[in-house]
Every structure is written in C-alpha cells, then in structure tokens.
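Each in structure tokens, the structures are laid out below.
Two complexes are shown next, each including subunit A; its partner changes from subunit B in the first to subunit C in the second.
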Partner chain A sequence: MRDRHLKYLLVLPAVVVVFATAIWPLIQSLILSFRTWKLSKSHVPGPFIGWENYSWALLEEPDFWNATVVTTVYTVLTVGCTTLIALGIALLLAPGGRLRLTVRTLLILPFAMSPALVGVSFRFMFNPEFGLFDAFFGLLIPPLAEVSWLADPTLAFAVCVMADIWGWIPFITLVLIGGIAALPKETVEAAYVDGASGFEAFRDVMLPQLAPVLAIVIILKSIFSIKTFDQIYMLTNGGPGTATQTLAHYAYFNGFKYYDMGFAASVAWIMVLPMIVLTYFYTRYVFRRG
Partner chain B sequence: MAGVRLKDVTKRWGAVIGVHNQSLEVRDREFLVLLGPSGCGKTTTMRMIAGLEEPSEGEIWIGDRMVNDDLPKDRDVAMVFQNYGLYPHMTVRENIAYPLKVRRVPKSEWEERIDRAAARVQLGDLLERKPRELSGGQRQRVAFARATVREPKVFLMDEPLSNLDAKLRVSTRAELKHLQHELATTTIYVTHDQIEAMTLADRVAVMSDGIIQQLATPEEIYDNPANLFVAGFIGSPSMNLIAGETNNGSFLAADIELPEVGGGSRKGVVLGIRPEDLTVVEAGSGHFDAPVYATELTGEAILVTVVVGSQHVCARGPRHMRKDIGELVGIHADFSHAHLFDSATEERIARSS
Partner chain C sequence: MALTNKQRKRLYGALHVALILITAAVMMVPILWISMAAFKTHVDVYQLKVVFTPTLENFETVFQSPYDLHHKLFNSTIVAFVTVLIAIPLATMAAYSFSRFRLFGERIMFVMILATQFVPAVVIVLPFFIMFRQLGILDTRIGLIIVNLSIVMPFAVWMIKGFIDGIPIDTEESALVDGSTRFQVIRNIVLPMAAPGIVTAAIFCFIIAWNDFLFALILTTNKAVTLPVGLALFKAEEGDLWNLLAAAGIIIMVPMFVLALLIQKHFVQGMTMGAVR
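Moving on to the complex of A and B:
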C-alpha cells in the first residue's frame, strides 16, 4: 500500500514542473484569448470579450487569411519536398544502397543548427552584394543574376522554403534510413527474383512496408512546418510586405509589435487546431506500432 | 530448361571467404542438392546464381548464357528463401500473383495458374490471408507456390522444409520430388539434412568451408566418400574413423590388429567403417574385443559404443542383446565397405595398393 502512494509522490516534482512551465502558460494564454489586452495601454489584462478576438481574426482580418494561406502553402511544399528528397537520399545511403558514406553522422549537421541560425545564414547567402547562393544562381541561370532574392515576394518565399528543406532533410533522411534498414531484406530480394525491376520492387514492396514510417515523418514534419517561426523571423521577418508571414509570425507580430496580446493569443489557439488533429494521428501511429 | 554452370566462382567479403574457387555443373532437369554444415556457403552459392550476390571471381552460366552481368529478373530463376521472403502487406493470393504481375503474364491466365500452384501445396483456403496470419509451415508453402506459379529455367530452394514438423517434412519431401519430376525443371536445393539430400537428389554436392568436397550420386557419396569430411558427415550414426597405420595390408590401431584391410604399409592412416558393418558378437569370437562404453536402443537394433585405445567405435548388435557398460564384447567387421584415408591430406586412399 505504501508503495502505491510513494510512486505518486516520486513523480510529483516532475508533474509540478510540467504543470508550471507547460500547462499553466497554456491555460493562461487560452484565458487571455478571450480578453482584450493592449499592452500599449495597460500592463494588466482587460475585460473578457467572449469570442471577439477569434471573430476578428476570422472575419475582419485579411492579413490573418494571408498568413493562413502562406502557412498552408509553406507546409505543403516543405513537407512534400523534404520527404521526397530525404527518401531519395535515404535509398542511396541505406544499407544495400548505392552510396556508402562512412561518416553518415555528418549528415545530421544542418539539423544541429538552430532554425534562427539557418535563417541568418540563408539571409547572408542570398544577399545581393556578397551572397554565395545569389552569385551561384546568377551564374547558373543568368536572368537571375540581377534579381534581389529577398525583395521579390515569390522568390523570398522560395528562399524560406529552401532554407526549411535544407535544415530538415538530414533528420528525415536519418529516420527513413532507419526505416529502410529495418525492412526485411529478403522481401525486396524476392521481388527481384520474381522479376521486378528496381522501380517495381521499390513501388510494390519497399514503399508499402515503409508507409508507417513515412506517415510518421509526414505528420511530424507537418507539425513543425505549421509552427515555423524563428527561421522566418531571421530570414525575411515576414516580408517583403506579408509575403512570407506565417501564422506563428503573424501572432508574434500582433503580440509584440502591435501589443495586442489577447488577439495574438487567439491566433495562437487557432493554430493549435490542426496541430491537435495531426498529433492525434501521430500518437495513434506511434503507439499502434509500439 | 537449362543447366547451371559455375566456373571457378569465389565470393569474398574482405577477408571472409564465403565460397572458394567453386566449379559446379548442374545438368538440365537435374535435382542437385547442396549439402553441408551451417556456414559452409550454401546460401551464398544460391544467391550468386540468383543474382543477389555478385561473385568476386569466376563465371556463372545458366543454359548457354553467361549471366554474371544480368539482373536477377533477367535470369529467369525462381527462389524459395530460407526465411520465406513473403511480401507481408500482400495476401497469399497477391504474393503468388506477384511474379505473374511483374512478368506481364496476361491477367486472364492468373486465376488458373494461382489455383494450380496453391493446390499443389494445399493452400486453397488460405489465399485471402496475410502472411503474418500463417504458421511457419504454411508460409513456406506460400513461398513454394510463389516459386512454382511460373515456369522458370531453374528453381533455387534454400532449406524450404526446415520449418515443417517431422511428419509434414516427410510428406512434403515426397511431394516435392514428384513435383520436380512433373515440372522437369533444373532444381538446386540447399539443406543441411542429409536424409533430405539422400532422398531427393539426383546428385549431391557436399560442401564444407566454401569448397565442394564431393559431387556425386547419393549412393556414390554414401558408399565411396571422397575424403574424411564427407565420410564423417554423411550417414547417421556417422562412420567410425579410427586413426592408426597399415602394415602389409593389416590395419593397426591401439591394441587391435585387423588383417586383410589393404593399403600396403604406411603411417598416418584412418580407417573408415560404418557402424552397420561392425557387428557385436560374444567376446573372443570377433576380429577384436573391446569394453562397452555405452549402448543405445534405436528400435530395430542396438548401437553399442566400445572403446578402442582412446577412441570410441560404434557397432550394431541384434535388438534383443543387452550388454552392461564395461563388459567385454567382440566385434566382427565386414571390410567390404571399409575405406582408408590419409590422415594428412584427408583424401581416400586405395585399399588395393
């Protein structure tokens, strides 16, 4: 009997820490999203105003919808490209693949960089005067020599997507290498002997068996793409105009530039919705496999 | 229809040698069994023929074509893998249909071919299941059906019966032999079970340490083993191998002398004689006497192990004989199937010289 109480006592400190640092701020921000609080006018939160923050965002703010579209396109592009490219690299690097890289761990390097650092370095690399990529692309495709990448809405968005893909490929590649290495080797070999070409064996035998891992990768990467903030902040700061403003950046902007904390909280909570759905599927996949 | 030929094939992984300078000719429509202990290179040989492993040296021929540079799919072989290699996400039916699918066999033929292949191994009512819902033996039968659904030039079977229970193995063995006769397809079959090898094979290749020790019919291998390895490996209980020397055609070892064995006069000789050629008799009435070390009743006979010098020798006695451990018994030897081996080269030496 005493053990039963003791075990709760032992986890109590951890629970308290999690509650104080994660759950409590979440609750606070949820409450805040139903109040008005302009930091420029008062340093304490104002009265409750019901769903007004939410309806303002959803019904009155074109910038909110712009950020939603940007985030959606950004997510679809980064998730799609990262997964495809990483799958290709993983196939080459996995045991039995065509490339042997003894220093596979080096791959992880870009992932070890903080997103903010990725943002800064990409900003420098696309600098019109001394940027390496700027010069490189200019040489490769001469019409691009004169463009100022980060000043053009479409190109700036493309650069953001590129930076994101670059930063995430290593991690996703490693996960997929693990998935491929865990596939029973004979199934693929059986396909070859049965008469399958390399592509057919990949499509009919490897891919279906890799599906659970791919699903987890896609869900996980989607969650991270939707909440992208630091990279955008350092790279373009949402600009030019609002061309690269993601929802997270939009929430930040409203909170710490316009000091409209209640509204910012409501935007943050709107973002939570798709995350909850994704997290639900993610945990279902993870725990079903385990 | 085609034979298979290996010419001086070697497979190395760094310093590890899987198959060493192997030459082998499998005749058209022949049932050839690769037999040998675990790790001797049987699977590696198969995989090189299938194209899943590239030989480090040498040539592989299927029919009149050198296939070293051909992809597995272009070699037209079918393989039953040691651990099945079934497609886990497909049903049994889809598994069996896959070779037809990737080889672009017209869909109208599928049904009949799948049913025929499945019926051969009695899979009829399992067609809609997934491999994970099958027992080991059932999976093995699916692998069989998948290999026999089309008519390849060569069948490669890597211990296909290893996961069946003893009874099913015996009946499947018979079916397999019949099936191979019916399909008349060149078959290379790997096993480490010598009974399987003896009953199935047209010819057996006994392998050890990546080298074929002897390639011959089962009778030949049993009656005239080429060297000490084959002599000791084939037969159960295994052949008695008694180290000694010959003197004017007599075999001398420890405290025994066996006349008229042959082999002239030489040192470093091993006498090989099977337990069934040694009969236990009353002490004093055989070729030599020896104390009993242990007895085992097999059912139809009794196996008596006696001590000769520092070596154990196994002999057969009549079913009703009972001997105590330590008791002195006589051993009568029939030398007509005995062999002499050189203990240095381990090769068989002629008895007449």
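Moving on to the complex of A and C:
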C-alpha cells in the first residue's frame, strides 16, 4: 500500500476514538446547554430555551458566582504558591548528589496518588481529634488548637488549597529541575565571575532563561486548578455550606444531585471558556518549542 | 562577627541539607501517616500513637462483606487494563504517522488532540451519562472504559509521538530503499526501538485510568464501582472508619507507586507531553 493512503489509515482509528469519546460529548454538552431538561421529571430532552440557562447562572444564581469566586481564588492561590515553592525546591534539588537524587525519587510518589485519595488523606491529617497536621498547627499557633479546621469556612478552604499544593509540588518541581538542567551552565558561571551574588545570578541570568518553562508550568497548573473536583469532593464536598464549592463541583451538583442537565451543561461550558484561552497559549508555547 | 568565605559556604551547605530534609518530610508525612493507620486497630487510630502493635486485621476486613473491596479492585484493574489495551496500539499507529508523514489538517488534529485533555471531565460525562442511561450501560465496566478513553487516548498519542520523534529516521529509510515494505519497517525497526517509550506511555495511561474518580463516581453505582469511588464505603453513621479507609488507600496507592518508580526517568517528559524537556 502506498504511504499516501497508509498515513491517513494509520491515524484514522485514533482520530475516530478521540472524536467519539471527547469531541462528540463536547458538542452534545454545548447543545444540551441551550435546552431545558430536568432528568428527574422527564426522560426526553425539553425544548430549546436559547441562552436562558446561561443568563440564569450569570444573573439569578448567587451560588454560581460563589463557585466562580471560590474557583478563581483557589486557582490564583494554588498556581502562585505551587509555582513559587516548587521553584525553591527545584533550585535546592537541582545540583546532583545522593541525598538530592533520593528526594527527587521520593517526589514521584505523591503525584502517583489518586487525587481522591489525597483528599481523604488531608481530611485525615486535619481531623480535630487525631489529625497530625491539626495537632501540629495547634502547637504552632495556639489559637488554632481548639478549632475544627474543616468546619470553619476559611480554614476548610485553606486545607483544600494546602492539599492541592501538596499534591502538585512534586510534579512542578520535577519539571522545573528538568528546565534548570537544560540551562547552559556558562551564563550563570560568567555572572559569578563578574561578581554577582547568588541571588543576583538567579534573578538576572537564570530566571529570564527559565521563563518559557515557567510559562508552560503556570498554564498547565491553571488548567488543572480550574478543573479541580476529586480532592474537593473527598475533602469537604464543597462545604461547610458552599465555602469550598468549585465550579466543577457546582456543575456536578446541579447535574447529578438535582438532575438539571441543561443548567449543568451551561455551567460546564462556562468552564470551558477559560480553558480555550489557556489551551491557545499552551499550544503556542508547545509548537514554538517543538 | 564576620564569617570567612569557607565558613559561609559550610553554613549554606548545612542550611540546604536542612531545607531538603524538611521538604522530604512534608511530602512524605501524609503518606506515611495514612499508611501507618492501615496497620492500626480502630482504637489506636483515635489516639495520636506513633508506637503501636501492627495488625493486618484491616486488610482482612476490607475484603469481606459488606465492603468486598476485591470487587472494586477487580473493576479498577479490568477498566484500566482494557483502556490501555485499546488505546496503546491505536495511539502508536497514529503517533507513527504524525511523526513521519505530513498530513492534511495535521495541525488541527494536533490541537484537537491536545485540547481535549484539558476539557473539564464534567463536560464529557454529561452526554455520556444520558446516553448510557438510554442504552442501559450505566454501572458497567464497558461504559467506564469508553469514557476513560477520552482522557487516555489523546494523552497516549502525544506521548508516543514524542518518543518516536526521538528515533532517527535513517535506518527506516535505508530499509525502505532495500525493498522492505512500510509494515515490515514498522514491525522490525520502529516497534523494537520505540518499545521502552510505548511501555512508559502504557504505564502512564494505566495510572491515569486507575486514579480516575469523577467518571466512576457518576457512571457507576454498584456493580462497576472502582477503588477510588469505593473509598466512600467507609463513611459510617458514627463517622469515618479511618483504619479501613487507610487500608483501602494502601491498596489504591502502592501499586501506582511501584509503576511510577518503574518509569521515573520519563516521568516529567510524559506528563508534559514533551512540552518541557
């Protein structure tokens, strides 16, 4: 068979699968978002109602805006803290040596953990009676000793953010170590020879060269922060009240607790919009480097 | 008191080691703590005990009625395994073609494949839930496998393409000149050389499918429940059964730890789909 035909035949099955399992549901969700359909009342889809689901979410639902604010603050905090802490750890671990390589290997473990299990673990760590972190923070900051973290809206949110950062630091750190290893050594050394301090060499020489890798890391982490569901579900289930309810959790709740399919689809599609922007930037970076 | 250069260097060295050890501790403590709980009795869990008499009782209990964790273990294994078995051959074919040929609409297909991985899972699962309900395949492993392919398939294509890109094209070309067919080239030259990469991709995909939570939460209720969703079993009226939760946690995480350590060299490249090297 000629390559001319073969090359399309080779990609066809994969493209069909991606289309059927990812593109098709995406389009179906979009169509669904313009209908009214309460699954608890009817087995057949209701009529098209234009933008009503969207306007309902945007204009009539304080819970939607609550989820939007929660997701935004959550994303800013987790992306910012994870990137900063991971950059610090990456700089610490970048030089070789047995201790550093061992710790690098250990870092793989938290990332192989199911996010749902990360949620469970942190609920365990912050249990008011026998949670280790609860006891630790209680000793460190005495006013927190008697507080039940997951029952307090602000502290519960803080625990969610901590769990997320804990789960993502390993991966981001390993990516940044890879980025640092790829930097040409001469430039940093030249800066030292010119009398730059360690911090100056980092700020003026390393950081600008690391910028593309940092950009990719920040975009990728933002995408995953906006989507966060598993840990939240296991850790607080959106509570107390709606203090930790992210958009993904809000969409899930409307779709599979209230069975309001059309509305859930519109919330889900509102989440897709920032993804499109982020994916656009991500592909630009990926193709420029490739 | 001024420090000499040598003293300063030593001080920084010690400080770095201390910081590294603190990092390692913070990352490992939650894993160790929950692992320890799996070997504690119900009573010991409720006291912040570090020294205790380990027991395997929890692991026995979780495999008995009403928890029957072996059913969930079986479901998780089958779903992850079959998903990988479908995705990897198809992804390898596509990845080879993307890597070696120029295709019409290549860039659009690429962006499409990349972008689908970033779509929130809720968006994907809504239409599938409705369709599976009509077809009567809610709460089946087949349904879960289909939906897992939506994440695993694009990921596998990207990753394997990255590995095939790294294989020099010369040997292939000379074999073609010598009269080999394209199929012979793929089977005899490309597949053996790409094998480590393909295995790495397969392990990655297995971990992703195994750790999936949202799809299984929504699409299964009883028969096809997987391990991560099965964790919810241990919420009792009187509170969480932490010793059992921890035992189930070990069963979920330890196999993935082993797999992740097997492919640790490729971990970063795999997760960023070659975007960062």
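Operating definition for what follows: the second predicted complex is superposed on the first by the 281 of 290 C-alpha atoms of A that agree within 3 Å, B and C clash if a C-alpha of one lies under 4 Å from a C-alpha of the other, contacts with A are read in each partner's own complex, and residues count from 1 in each chain.
Keep in mind that, in the parts below, a contact is a pair of C-beta atoms (placed from the backbone, for glycine too) under 8 Å apart; a residue touches a chain by one contact, two chains touch by 3 or more.
Note that the structure is predicted; figures quoted are calculated from it, not measured.
Undergrad: In the superposed model, does subunit B or subunit C contact more residues of subunit A?
TA: Counted on subunit A, the partner with more touching residues turns out to be C.
Undergrad: Just subunit B (first), just subunit C (second), both, or neither: which does A:A22 touch?
TA: Only subunit C; A:A22 stays clear of subunit B.
Undergrad: Which of the two partners, first being subunit B and second being subunit C, lies in contact with A:Q209: first, second, both, or neither?
TA: After superposing on A, A:Q209 lies in contact with subunit B but is clear of subunit C.
Undergrad: What is the contact status of A:A196 with respect to subunit B (first) and subunit C (second): first, second, both, or neither?
TA: first
Undergrad: Tell me which partner A:E186 touches in the superposition: subunit B (first), subunit C (second), both or neither.
TA: The answer is first: A:E186 touches subunit B but not subunit C.
Undergrad: Just subunit B (first), just subunit C (second), both, or neither: which does A:M125 touch?
TA: second
Undergrad: Could you pull out which subunit B residues touch subunit A in their complex?
TA: 50-52, 71-73, 77-79, 81, 83-89, 98-99, 101-103, 146, 156
Undergrad: Can you name the residues of subunit A that touch subunit B in the complex?
TA: 184, 186-187, 189-197, 200, 204-205, 208-209
Undergrad: Spell out the part of subunit A that touches subunit C in their complex, as residue ranges.
TA: Per the touch definition, subunit A meets subunit C at residues 1, 3, 6-8, 10-11, 13-15, 17-18, 21-26, 28-29, 32, 39, 89, 92-93, 99-100, 103, 105-117, 120-125, 127, 129-130, 132-133, 135, 166, 169-171, 174-175, 177-179, 182, 213, 216-217, 220, 223, 226-227, 229-230, 233-234, 248, 251-252, 255-256, 261, 264-265, 268-269, 271-272, 275-276, 278-279, 282-283, 285-287, 289-290.
Undergrad: Show me the residue ranges of subunit C that touch subunit A in the complex, using the header's touch definition.
TA: Interface residues on the subunit C side: 16-17, 19-20, 23-24, 26-31, 33-34, 37, 45-48, 86-87, 90-91, 93-94, 96-98, 100-101, 103-104, 107, 109-116, 118-130, 146-147, 149-150, 153-154, 157, 182, 207, 210-211, 213-214, 217-218, 227-229, 231, 240, 242, 245-246, 249, 252-253, 256-257, 259-261, 264, 267-269, 271-277.
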